[in-house]
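Structures follow.
Below are two complexes that have subunit A in common, paired first with subunit B and then with subunit C.
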Partner chain A sequence: MNGVSEEALPSQPSVLPAKRARATTSTFSRVTRYTAVRLVTLFVTVVIGVYLTILIANMGGYVDQIRRGEIRESVGMLVMTDPTFKTMPTEMRQQRIEELVRLQEKRLGLDRPFLVRSFNYLSNALSLNLGRAQNMTSDSGSKQVRLILLERLPPTLVLFATSNLILFFVEIFMALYLSRRYGSFLDKIIVALAPTSSAPAWFYGIFLILIFAALLKILPFGGMVDAPPPTEPLAYALSLLKHLILPVLALAISTIFLSVYTWRTFFLIYSSEDYVEMAKAKGLTSREIERRYVLRPTLPTIITTFALNLITLWTGAPILETVFNWPGLGRTLFRAVGLYETSVIVGSTVIFAYLLAITVFLLDFIYALVDPRVKIGESGRP
Partner chain B sequence: MTEDRLLRVQDLVLHFRTTQGVVQAVDGVSFELERHEAVVIIGESGCGKSSLARAILRLLPRNVHAYSGKVYLNGTDVMSLDEEQFRREVRWVKMSLVPQAAMNALNPVLRVGDQVAEPTMVHLKVDKQQALQQARKMFEHVGVPVDFLNRYAFELSGGMRQRVALAMALVTAPDLVILDEPTSALDVLTQANIFNLLKRLKRELATGFVLITHDIATSSELADHVAVMYAGQIVELNDAARFFSEPLHPYSQKLMASVPRLRADIEPDFITGQPPSLINLPAGCRFAPRCPSRFAKCDQDPPLFGQGRRQVRCWLYE
Partner chain C sequence: MSALQRSFRELLRYPSAIVGLIIIAGLLILSAYTLITIPYREAIRLWRGGEEVWYQNPKNAGPTWFNYFTRRKLSESMILSSKEGLGKTISQDSQGNNRIVISFPIDYSFDTFPLDLSIYFTSVYQDKPPHVSITWLTPDGREIRIGDFSVKRTQTFRLAQDSKLLRRLGGQSPEKGLFAKPNVSPPVPLKGEYELRIEGFTFEPNSDVDAEFVVYGQLHGLAGTDHLRRDLTVALLWGTPVALAFGLLAALGTTITTMVIAAFGVWFGGWVDEIIQRITEINLVLPFLPILIMVSTFYSRSIWVILGVTIVLSIFGGAIKTYRAVFLQVKESPYIEAARAYGASNLRIIFAYLTPRIIPMLIPQLVVLIPSFVFLEASLAVLGLGDPVLPTWGKIINDAQANGALYQGYYYWVLEPAALLIITGLAFAMLGFSLDRIFNPRLRGL
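And then the complex of A and B:
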């Protein structure tokens, strides 16, 4: 056993630089190839997702029947009430009705089969040519789907950016705190309260409105600002803040306990790694251990959750916004569903699909930045 | 007299609470160690060796049931220090650890050089450049190429990782290094390399080593003293030279007989049965159920007989 000399060891590094050099020359082509493959697969996913949405939002073409019925009814009403048609013979009037219906259907493209049009919709949607709505108008009176969505974006951003950002960081820090005090009284309370997240935010919203608006009368029932909106910026901000309290609270109650519980368990698992124990043995302070030995290795997971959290802003929360009468994207979507407004539904979906695809694409690169073990496009990875 | 001892462990107890009951992992362990010396703690898996290391290092899991006894380092009672004092004055300043599996003992997302430099920065309050310089010196010392400072743990082989762990343990020049089965995850050649390195370090440094292992053959090269652990207790303390030629305790004898010999034509022996569960320990001598030389007296708990460097927990030596 003693025969093995240590001189045998330094031969190792001389092999490695050559290997490294080869690796760097191919890095560019590897990353390019990976990027191309990744973009194509993500795009295919988006196409499939959007097409499915088009099929579903149109109920596989059944919405066309509804549209046709509506057209026939409105044309019938028009002809019925128009005095110039009164004197016409019945056949002629019938002919006229058929003619008008045909024209209307042609105008809306209903004369062509749904399957053909679905691909038209698809290409329009993918090129973000969102078109015009039929039954909905934007707040400023435009029929453009783009405007209908964009004008509703700021309220949703205000509500969800506020709550998601606050909640996310509160959750992470509470979870870290609890993972340090695993088994403490506070920990047990949070674990016991975790099932509260089985009820959605709007459910708590109803009770909050009941208590703070109806009974205590200290906070508004809903809406985003007082009516009429205050003209002074500060007063406007205060009014906005007042209206934010209940929806943010509802969102917080419905998510915080379960999230803290999940993150705390996650951190507990990662704090029992050997290298965390080593860090403790090395005499690092608990803050250093937490930062470099718990948070740092788990950064990819945290970033992923945060990024996905951020883009869910786009869909808003339809029922919560409806309960709180919040003029956001969620409520617009809710109304669009009720009005069979497929253009708005598809428009919203395609934007979300693109946001999701871009996020997923960027995350792959972020992983490679924050985790040295991840190499983009290396064998073993897609 | 005791003041110049490097390490004196007295009646150390570490019990864990589990759903099945209390695990008496370390049950009244005492031993001493001086500078330039190495004590090897030998025992089967599950006899409490690693728990002993944890107890000395105060790396306690959450389910500690009992933790008591005295640990003197250079005459100071470190058990009486509070957590913050212990962190600041003892951890890695006075004693460090080479862990069992060096793969998991290194942070996967920090460069190994930074990890080796870390204790110097924390305890000696030097800046990063100086700490890295020190780490570089340590790498040279343990035979790791210095450009490995910029690598991550997953880019190193098992042997190199163990060397890095060793460099990390020595970087602050602690008085005591505890090696918890430092080679058990390595192949035989790498084991031999690490042991040669350890022998060299022992000669060069004024450090005491506590080597925890179940590999009797390789540890014999390093040991000055041997402590045999069985079921949470030390059953024999002996000088290495005398232990390897004539072990006292029947368990030690069996243990030594189980080691294959290269130059003697002896069949390796084995010990029948299994070590007792640390939850339900047998009354009397804990080895009695497996002991070939059991007699009536073994129903009572044996104390340690003998004194100083040679002690044995067996009624045969009463």
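And then the complex of A and C:
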């Protein structure tokens, strides 16, 4: 998950070749042109990404063979157990089986070649027509992929949105604080602890479960609420809170030290610019210096990280959710893979791709808003 | 060379780098030791082996060093075998029949009872099987008859399943009754020298009998055992080279290919650069972990396939943009101009002049990347998608999770692989962070 936040950092508005239009007429046409080209490239990116996912998730058509086998088996079982078929002569029965198999295959669209269907899947996915799952059902009993995914969204949001939001702001403020007094004892501790973030959250989760659930027995091993879930809203919230502590803590331990260290170093680099020295010489308060001269130039990066942080919520974290038995999107995705449930995999991917494309698109404009040096459609920043 | 030496000397100024280097050296030595003492085939035979390989081990036994930390000493496993001639004396009577006496001394100094007791007999005969009678001598001089019977070619005698013995011990199961202080309730073990005496009689000239007495304790070996009686040391040892190889190869493969591709893109520019940029964006859309999960579920769970996919998916990651930015600057340098002027080929410029400039940036990133790939392999294994053949650290954690190790208190089962994982991760991360500060002049002194 960390990879994504770094990946899109330098996504500067530099897609168009440098073409300095005349200043008078250009602004509007430049922005429109840029917007159009950007939208097209992003859409093509999404299309290719989703199509690749469809190919991988269908194993290039091999999943179809598995499906066919399943159909044949289930039809065979049906015919074996149905007494009306018992009296039929063998040939007729065989014919009947073939007919049933053909009907089922037609129902699932297996009678058409995979390549044709793959484009069908693609257009369905891109129009967010996510279709129905074959083997999975939502807890409410629906086979709609949309419902299966939506049902899992709240638990993921509760866990990852709370932790990511809290962590993000805590990290930024701690980093600012440390950059102000770098070299202090606390700063040294954070620098020394930064390598601990090489282990993922689930890893610390296991330790936390061991300490707080197995040894001290004060917090639950996993799950989202007590079983049976409390009916009273307050009791429900408390139970949810109790179950949240360990996974949030695991996420915090695994990211906070490295992030604070990175942000602190990032702020320090900006604090050593000449204009900051100048501001200091002018006698501005450190709070003012921070706001005007450190935070402002770093704002695009902070916003990018924040936005990408938000999108990665969509994928959840399959392993952390598995370790904590958290009923989120990540685990659903993992279960979908295990059940060859391509519709769910593709559905989740296409939503992520759209979210990402929209964010990347919007970020370009946000850059231009927060940083007057950036002009949309011009190559690079000065 | 002197630059390298200078960097190295500078590295030694960071204590965390020294610690990291020492741990990495230790891990490398451990890997070499493992590969030499337990060859690949042997490791797989042991790890895939069932009861026939591991019958001597107790199930879910903790490591023996556990006893150093507790006042109450838990029972340790003991294996006594007469095959190596331990305590075996043979005498012949007047009819030419052999009388074989096997005497196993057992020094029992633990505060808990063992879990189980078994005697495994092997014998050689044509028609008439040998006969054995087994007695148990306690430190306080009592003599308990355990059983008399004739033994087949291979025979397992589980003491707990012998109802006559159970009755003789007053209803107490043998692993308690044989070791308990008499007339104390609840039973406590009597410490001291015990002896298991097996008297065997053979009725043929070349007939022989051997016995192996196994006391299944609560603790076994350096690392303990799992639910299939397997000794965890095998997997812990073998996990080391696997983790290091996976981490190193993935990190090397990713960073170097990324660097080369970024260099090509910048040097040739135009549509080459454009395509590379587009692929990077598409790669951003592809869900990394779900694809890895799909590949290991659908195609192959071999660690080398996963390694390949990991590298392919990581090549067009975020690093390519960072490298590209640096290369764009380097491309304009006068010395590149000079190289072009003397007629250096494209490839020569890329490999001899462009890429070396980025190596200082590359090395810290490479080292920091290693633990993330080590943990990636473990993550997949924890999801149950580990390599089906090789024993790895992640697979131990997965086994432990699947068998409820944390619920049942088998903490060693999770903690041992976890400790090795975090030690490895920290070592590379500490070294990488120090390298970053040395090679990255903007970070110097921060």
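Criterion: the second predicted complex is superposed on the first by the 354 of 382 C-alpha atoms of A that agree within 3 Å, B and C clash if a C-alpha of one lies under 4 Å from a C-alpha of the other, contacts with A are read in each partner's own complex, and residues count from 1 in each chain.
Quick note on the criterion: a contact is a pair of C-beta atoms (placed from the backbone, for glycine too) under 8 Å apart; a residue touches a chain by one contact, two chains touch by 3 or more.
Predicted model only: the values in this text are computed from it and were never measured.
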Subunit B versus subunit C as contact partner of A:280, first or second or both or neither: first
Which superposed partner A:45 touches (first subunit B, second subunit C, both, neither): second
First, second, both or neither for A:312, with subunit B first and subunit C second: neither
Contacts of A:372 with subunit B and subunit C, given as first, second, both or neither: first
Touched partner set for A:292, first subunit B, second subunit C, both or neither: first
Which superposed partner A:134 touches (first subunit B, second subunit C, both, neither): neither
Touching partner for A:337 - first (subunit B), second (subunit C), both, neither: second
When both partners are placed on the shared chain, which of subunit B and subunit C touches more of subunit A: C
Common interface positions of subunit A, toward subunit B and toward subunit C: 3-4, 6, 8-10, 182
Touch list for subunit B against partner subunit A, complex: 57, 59, 62, 87-88, 90-93, 96-97, 99, 101, 104-110, 118-119, 122-123, 143, 145, 147-148, 152, 154, 157, 160, 168, 188-189, 191-193, 195-197, 218, 221
Touch list for subunit A against partner subunit C, complex: 3-4, 6-11, 41-42, 44-46, 48-50, 52-53, 56-57, 59, 62-63, 182, 192, 194-200, 202-203, 206-207, 209-210, 213-214, 221, 265, 268-269, 315, 318-319, 322-323, 333-334, 337-338, 340, 345, 348-349, 352-353, 356-357
Subunit A contact footprint on subunit C (complex, rising order): 16, 278, 280-282, 284-291, 293-295, 297-299, 314, 317-319, 321-322, 325, 368, 371-372, 375, 378-379, 382-383, 397, 401, 406-407, 409, 411, 414-415, 418, 421-422, 425-426, 428-430, 432-433, 442-443, 446
Footprint of subunit B on subunit A - complex, ascending: 1-4, 6, 8-10, 12-13, 182-183, 273-275, 277-285, 288, 292-293, 296-297, 299, 370-373
